[in-house]
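Next come two complexes, and both contain subunit A; in the first it sits with subunit B, in the second with subunit C.
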Partner chain A sequence: MPNNIEQKIRDEARRLLTEKVVDVVVGYEEGTLPLLAAPCFITAPEEVDRLIFDASCKQNLAGYVHALIIEHRKSQARVKPEDKTEKTVAVIARGCTSRSIVIHLQERQYERENVVIIGVPCQGYIDKNKLSDKASGKEILAGKLDGDQVVIETAAGESRFPLEEVLAGSCLTCAWPNPVISDFMAGEEVAPRTTEDEFALVERFAAQDENQRWAYFEAEMNKCMRCYACRNVCPSCYCPTCFADQSQPEWVGAGINPSDNQVFQIMRMFHMAGRCVDCGSCVEVCAEGVDLRTFLKKLDYDDLKLYDHRAGVDLEKPSPLASFREDDPEEFILEP
Partner chain B sequence: MKAKLIDKTALAGVVGGLAAKMPVYAPVRDGRRVYFRFLAAEDEACLDYGNSDNAPKNLFFPHTETLMRFTRTARGHELVEDEAANQDQEMVLFGVRPCDVRSFTLLDYVFDQEKYTDPYYVERRKRTVIVALACLQPPASTCFCTSVGGHPAQADGADIMITEVGEQYLVEFLSEKGEKLAEFFGQLPEADAKTLARKEELVENAVAAIKTEIPGAMIKDWLDKNFEHPFWDQIHQSCLGCGTCTYLCPTCHCFDIRDELEGDQGIRLRTWDTCMYALYTQETSGHNPRPSQKQRWRQRLMHKFKYFVDNFREISCVGCGRCVINCPVNIDIRKLVSDIGRLMEAEEESNG
Partner chain C sequence: MSAEVAEKQKTTATDWEPKIVALVCNWCTYAGADLAGISRLQYPPNVRLIRLPCSGRINPFYIVKALQHGADGVLVSGCHPGECHYISGNLSARRKFAFLENFLNYIGIEKDRTIFTWISASEGDKFARVIEEVTARVKALGPAEKLVKKLS
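So, the complex of A and B:
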């Protein structure tokens, strides 16, 4: 049985496809593993019943929107101007997804008309590592959501616990669970989380001394196998050629070694300044469990504390790096 | 072949004894995960694991490997002699699951053939003794070794096979290389006929416990004929183009070679490559024969279930399930292969 939100998503998707308002609806469908939805692409009205939405729907889908529109544009490169077509993409968007779309729009990647936002109120998604801990590392054979509870089955039997205990870190302090822009809302808005302790993670980390901080960073980066899942899932990582893939000049070595891993991650993270919406997708897709969030959240922290800016929240407020104010703080700029 | 019995509690000591004498590459628990790595003094091999998170292929074919060093001089580039440390030292790969053991047989086809021999791989392979650990329970419900020509207790390629039988381990020395390690196991009683029969029974149960079945060997016929098929238009759509599946795959073996310079000191580096990357097969001219993820995904499936079979008569998938478990967007190779199976059935039906 579809839940209320799912029913609304499906009805709206059916309408958009039937009336040919959009070419494709990007959403989530049931996956092949317990409590893990898969991104899906619906192009026919009769397929809309595949769409689902619950806490098993994880990654930010805005990257697909960008890829679909840009790919389509590229495919039109040799089409006569009068025959050119535009691609319109509908997307199931929670708060973070909509913020990524705002960033795309601010950065002039596509037009507002290219995207139809089916907004969903979001209660957060399941963090795979926390879920694995609940199963004591055993394989989860089956799992389901039961209201605000999660029920899993392992070889040791069934267990039940509150969803809250396995929600991703990003979701636990999320101030924008509802889309910041949308064309349709599939359900009642939910209350934002209290955000007093949003930066507790950053403050705890910053309170350590330099050596401790570096040791932690080093240990985390050493786990990286350079599969680039973090970069590839990130909606803000859309450069046609990533610096990590360039060979002339070669900005970063291709091998797995401590310094090249660190350089790759540091450079990627700095590109996220004022552009990271803390959706947690990079953390969720990482097969090695690298803690990227502690460092990305620091950028978010600086974005707020220094520039009073939150990434992708307001279409009229571009990131500090893309705008100029005479009174921008600059204490951190060191004299040579 | 000798078959001996060892107490369960004694096996850890054997691993410790080996590690004191030579490098031992074994599963080690690290937080939530289990990785194959060289045992350090403080490490303890993890013997009650399902399967490791990384594939043990790293030992023979590491992600990053320096092939040679050179110096840039006024006269051109000069090779720097590498000190060949421990080049002939024996190593032990301990506790490998049968699917991963099978991956070495498949990798041998590529790296150790008459025409092309990869000295780096072959050299490490030659001096490594492989101690396998049979699966009496499938490590995960995503396991499907029996669908791709494997078996939860298959011993081909292993030098020693260890099978848990009740309160003891049955240790079978399968090769000369394996027998050379016998001294580390101490004086052990011979396994009696009853234990050997019990093992057979357990292995049969293990086979029955694998629930996932895919038409792994059947789809080649379809792949032969359907390079252009609408099927390929769908499967790659959600793919992020990351390297998770191929980097964790025990049989994926594509690599890239590049030179990296620091001042005048250079290294020639070999790193893993993956058909999932946009740079894969990108040519210097800018042309890419596999310009989108569609062609790259077709390459991945075709390589495993057709090209490798054409070349070496084996499927290049051992059914370990690592790509299934770790794909961030749940692209499930079991589903893709089964979908092709269903397409074949449908086509057969419509052809009468």
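So, the complex of A and C:
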């Protein structure tokens, strides 16, 4: 039984596809595992009933929008100029997805006309690690959402707990649950969460001793097996050739040296300066459960404290590394 | 740890000289170093200069890679704000360095491992003073351990 938002998404998607406004609708569909929706690409009006939207829809879809448009452009490289076509993509966008789209637009990746944003108010999604803790690490055989409760079934039996307890970290402090730009809004806007200060995490970590911080960083990065899932899922990671794949120069060694893991993660995160929307997709896809958010949030923190900027919130405000001011703070400059 | 080993470590610590990589701008700091040289100013020989066209050319990766490959300290120096040969290279570089410096400190790398400064072509004496200061700071920290790639 589709909920109210789902019904609106489906109606709008059907209209867009029937009227041929868009070529494809990127959304979420029921996945093969319980409480884990999968991204889907709808190209025919009769398929729109596959679309769903609830707390099991996790991943930021903006990366697919970028990939679809850019790949289409590449495929047109040898087409005569008068026969060239543009791809128009509709996307189901919550707050973070829409902010990623704003970043793409700011970085001139595609035009606003290439994308139709079906906005959805978002109450957060389920964190797979927290859910797994609730199931005591046992395999979840079935699961469903029941209002603000989650019901899961494992070999040990059925258990029920509030959704709030398994929401992802970035959702618990989300200040932009509603899309910042949208063409159509499916449902009423919801209030942002203000239960915890979003930077409390950074301040707690920074308050620790230097060697403790390093020990934590080292331990977390030692878990990393460099599968690059975090990079692949990230909508802001769209370079045609990633530094991690370059061999001349070889920025990151190919071996299993812990130092290469650290350097890879430092540089990937550094590339997120002023561009991370804290959607939590990298944390969600990480197979080893590396705590990336503690570190990524620091860049967000500096972005706000030093340059009074928030990633992807305002289309008119350029990202901090794409702009400068004469009187930028420079306390770190040595003056002997 | 036995007293003998501790004593041995102490002597190696005093013999130890830091390796410092300096990424410098061609138009100011590099000329400043030249001036320090022709003025016969003395400064510690621990620093290895790498000349770049502008501080804006410095990929933050250079700094991280220098630390990874065993530099005990990295000095980055460019033109004073407003004096860039390319108008604004140092201004955009300043933002990159601010993010990087804060981030490296946040993950627990010592603050004095990465040092940023502005030295113009006429400041040969400042160049000598900066190198002295940087060498003293890095010496005080001791050999770099964090982020260093150890080949076993």
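Just so it is clear, the second predicted complex is superposed on the first by the 330 of 336 C-alpha atoms of A that agree within 3 Å, B and C clash if a C-alpha of one lies under 4 Å from a C-alpha of the other, contacts with A are read in each partner's own complex, and residues count from 1 in each chain.
The definition used in the following text is that contacts are C-beta pairs under 8 Å (C-beta built on N, C-alpha and C of every residue); 3 or more make two chains touch, one makes a residue touch a chain.
Just so it is clear, the structure is predicted and the values come from calculations on it, not from any experiment.
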| item | value |
| --- | --- |
| Fit-or-clash call for subunit B and subunit C when the two complexes are aligned on subunit A | fit |
| Which superposed partner A:200 touches (first subunit B, second subunit C, both, neither) | neither |
| Which of subunit B and subunit C A:247 touches, first, second, both or neither | first |
| First, second, both or neither for A:175, with subunit B first and subunit C second | neither |
| Spatial angle subunit C-subunit A-subunit B, Cα centroids [nearest 10 degrees] | 90 |
| Which superposed partner A:239 touches (first subunit B, second subunit C, both, neither) | neither |
| Touched partner set for A:257, first subunit B, second subunit C, both or neither | both |
| Touching partner for A:328 - first (subunit B), second (subunit C), both, neither | second |
| Shortest CA-CA distance in Å separating subunit B from subunit C in the superposed model | 8 |
| Doubly contacted residues of subunit A, that is, touched by subunit B and again by subunit C | 253, 257 |
| Sites on subunit B touched by subunit A in the complex | 31-33, 50, 53-54, 63-64, 139-142, 237-238, 240-244, 247-248, 256, 258, 260, 269, 271, 277-279, 292, 324-326, 328-332, 334-335 |
| Subunit A residues within the subunit B interface of the complex | 31-33, 36-41, 59, 63-64, 71, 129, 132-133, 137, 139, 141, 225-229, 231-233, 245, 247, 250, 253-257, 284-285, 287-289 |
| Touch list for subunit C against partner subunit A, complex | 60-61, 64-65, 68, 81-82, 88, 91-92, 94-110, 115-118, 126, 129-130, 132-134, 146-151 |
| Subunit A residues within the subunit C interface of the complex | 202, 205-206, 210-218, 243, 251, 253, 257, 259-260, 262-263, 266-267, 269-270, 273-274, 295, 298-299, 302, 306-307, 320-321, 323-326, 328-330, 332-336 |
